[in-house]
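Labels for the chains are A, B and C, by order of writing; each one numbers its residues from 1.
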Amino acid sequence: MRNKVASYLALLVLTSLLLGAAGCRASLKMATTTSLYDTGLWGYLEPKFEKKYNVALDILSLGSGAAFEYAKRGDVDVLTIHDKANEEKFIAEGYGVERVPFAYNYFLIVGPASDPAGIKGMNPEDAFKKLFETKSGTFVSRGDNSGTHSKEKAIWNAAGFDYEVVRKAGAWYIEGGKGMGPTLQMASEKQAYTLTDMGTYLSYKSKLNLVPIVDKGSILLNVYSVIAVNPQKVKGVKIDLANSLIGFLTSPEIQKLIGNYGVEEYGLQLFIPCAGAEPK
Amino acid sequence: MPLIETVDLCQKYSGRDILKNINIKVDKGEVFALIGPTGAGKTTLLRLVDLLEMPASGKIYFDGRDATESKKVRFEMRRRMAFVIQKPIVFNISIYDNIAYGLKWRGAKKSSIRAKVSSILEMIGLSAYKNRDARTLSGGEAQRVAIARAIVTEPEVLLLDEPTANLDPLSAAKIEELITSIIPQYDTTIIMATHDMSQGQRLANRIGVLINGEILQTGDPGEVFTSPESREVAEFVSADNIIDGVIVSSEEGIVAVGIGDNKIIEAISNYPVGEEVCACVRPEDITLTLSKTTSSARNSFIGQITRVVSTGPLSRIEINCGFRLVSLVTKRSAEELALEKGKQVYATFKATAVHILKSKTL
Amino acid sequence: MAEIWQGLVKAVELIVSFDPEVMSIAGRSLTISVTATLLAGVICLPLGSLIHFNRFIGKRTLINFIQTFYSIPTVVVGLFVFLLFSRAGPLGGLNLLFTPTVMIIGQMILITPVLLGLTVSALSGVDKAISETARSLGASDFQTVVIVLKEARFAVMAAILLAFGRAISEVGLALMVGGNIRGFTRVFTTAISLETSKGDIELAIALGIILILIALIINIVLNRLQQR
């Protein structure tokens, strides 16, 4: 009987040791935005990074809101996102080291070919104004504090609207609460308008019944940046590996690859490299 | 030194007294039957002896040692005993495994287990079914397995709680056969609880009568049967005729008991004149005739039959002789005499068949 | 409905070609859930026996408490475990967030109420006379517990299967504490969730079918073992 208790305890101790050992693996944890992840760019770049630096790259695909939160908690070491306002706040609060843009593309408003609200070719602010005033088209919003959602709010603000008012404006404004891909699918189902980044739109285009409606306007600029979490404010983050990733993304070789990504498949560039400099 | 001894043993459940001051001694190799009506406390007493429960007060001595000393001591002693409960309970594994478990728990070697279990299976006649799921057995077969399971561990004391109570007569007979064959083979001491007086008589060396939580009489079966020491015992052993009266005369060991209405029952007793007593007569000791007999029996009463009940080969005849008498005759005799309700008969019995009890004033 | 057929076809393709990604996901899902179930079993069977065989104040309340957590939402457990193991949390120093290890721990926490509660239920279903008989035959307390568990083995096995089912089929916890990292913490349920959100319905259905097949095989194997 004593033997049984002893071996039972030994089993528990051994298991605990084995389980604990998992915490010692060398890895860099990165949070990336769902719209970036869903384009497949990371699937393409991940093995290259892992091979070059001989470290596992653990990629978590999250909404920007969650990404910032995880970074503040120290659960990820580096972020790749596209939410300029919140990124600057993140750095101002001391959580991030530096905002390093590495690629950009444009947001666009897509919608049904029939364009019921008649906003095709307008600039973004005017298009939103018309949608609000005429209520003649449905709009699907991300509604999830993502980078895309932040951009949408920025456009409403630029058009002179209080976002809280817009939210309650009526049945024509739908908050999906989903990632970019599913949001596009919902818009397609409902034949509604939505704001999307070029990358995700192109990846999903074949499955959708939506066309570009508004694609010109400086406010539509969508910059992807990489930010290392500040080790001075957040304990335990791996700054060296984070810096390696930053170096990797801004290196000429990888910048070229980013620029070429998707060209063959879609006939357009999904991302325009910008190596650390803020594009105009 | 007795193998099992209880001293002033008492047990209570939820404040109710179940056993009061039980004092019994069982010697090594004895078969001791604990008889009494259902609810008398027989199961509780057996459980206490098997050390499955702690008594409210009192002591139990096993082989001279206080069994209530410590949990460890209780456990060791329990391993030297085995208990078979009334309900045939088997584990839902094979018959072989059921029987083997007691030995497995004691750490016996596989080969030794195999030998012992096989021989016991032979003894109970279930060798062919050893791999069968024990749940598929009938009540009688399950009880046989339960007994085999108990004796395979070669216990010094075997406790049986109404082992045949739930079984049909054929299975019951087989179990009794098993019990009687175990005794010489394993030299086990057996304490058996039963409400069946005749079973106690058949199988036991000594009987203890437990009624309402108290041991009212212990002695050898014949003694208890014919000479109950109290009214309750008398009622239990079916000395059906218990007649109250007073001793009116006593001469050379023969007394006359006045039972009212100027009637006298003659009996053998040493009680003095004036003593209030009960006269007990067993039904089978009363002979019935249609006319007055000239036999040597000193007690003869005329009366009318009030009831005739036949069970199997016997007939119970209730007679009103001014007081109630019950006679047990063979069915054949009843038929030959054409006994039926309303018929007038003479009920006769010897003085030696009368057992005199002191009347207890409650 | 054509998607289901397409999904079925894709499932067969993936299985027959031993698709490496799917193999890796399958292996990981099984390892995590089987380990979680085994470890939970090692804790819950003795603990359940302790609870069943002993009388103590608040026993009824404890059992009710355990039963309350049978169907606790997996995201809630996920959130709780996340907060526990996050770097900012009390166990952050162990560096276990977003690893298969923390998923095992999380699933263990998730299925313990079910396994514990059903073990106590299973033991309660065994006739008291069984444990009395065992004791009277000389079984020690430990040996008595073992034989009663053996009597209840069908009900106990059902509990284990249910616990395993809950572990391998949950998404909320795996997503929150695992992070769905490709090649490291991605399991069937999180992969299905991801593929669905990406719009690749066919692949999602294929993965779902494979998961069901695996669960079916495990069920059959365990039932065979029980017959013996």
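Throughout what follows, a residue touches a chain if its C-beta (ideal position, glycine included) is under 8 Å from a C-beta of that chain, and two chains touch if they have at least 3 such contacts.
The structure presented is a predicted model; accordingly, all values stated were derived computationally and were not measured.
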item: Contact-graph distance - origin subunit A, target subunit B; value: 2
item: Most central chain, Cα average position; value: C
item: Contact-richer chain pair (by C-beta pairs counted) among B-C and A-C; value: A-C
item: Subunit A and subunit B, separation of their C-alpha mean positions in angstrom; value: 88
item: Whole-Å separation of chain centres (CA-atom averages), subunit B against subunit C; value: 56
item: Whole-Å separation of chain centres (CA-atom averages), subunit A against subunit C; value: 33
item: Multi-chain contact sites of subunit C, meaning residues that touch two or more partners; value: 140
item: Of subunit A, residues touching subunit C in the complex; value: 1, 4, 8, 11-12, 15, 19-20, 22-25, 27, 29, 34, 38, 43, 46, 56, 58-61, 70, 72-75, 178-179, 181-182, 185, 204, 207, 234-237
item: Subunit C partner contacts - residues on subunit B that touch it in the complex; value: 50, 52, 75, 78-79, 81-83, 85, 87, 89, 91-93, 101-102, 105-106, 146, 149-150, 153, 159
item: Residue ranges of subunit C touching subunit B (in the complex, touch as defined); value: 127, 129-130, 132-140, 143, 147, 150-151
item: Sites on subunit C touched by subunit A in the complex; value: 39, 42, 86-89, 92-101, 104-105, 140, 142, 179-182, 184-185, 194, 197-199
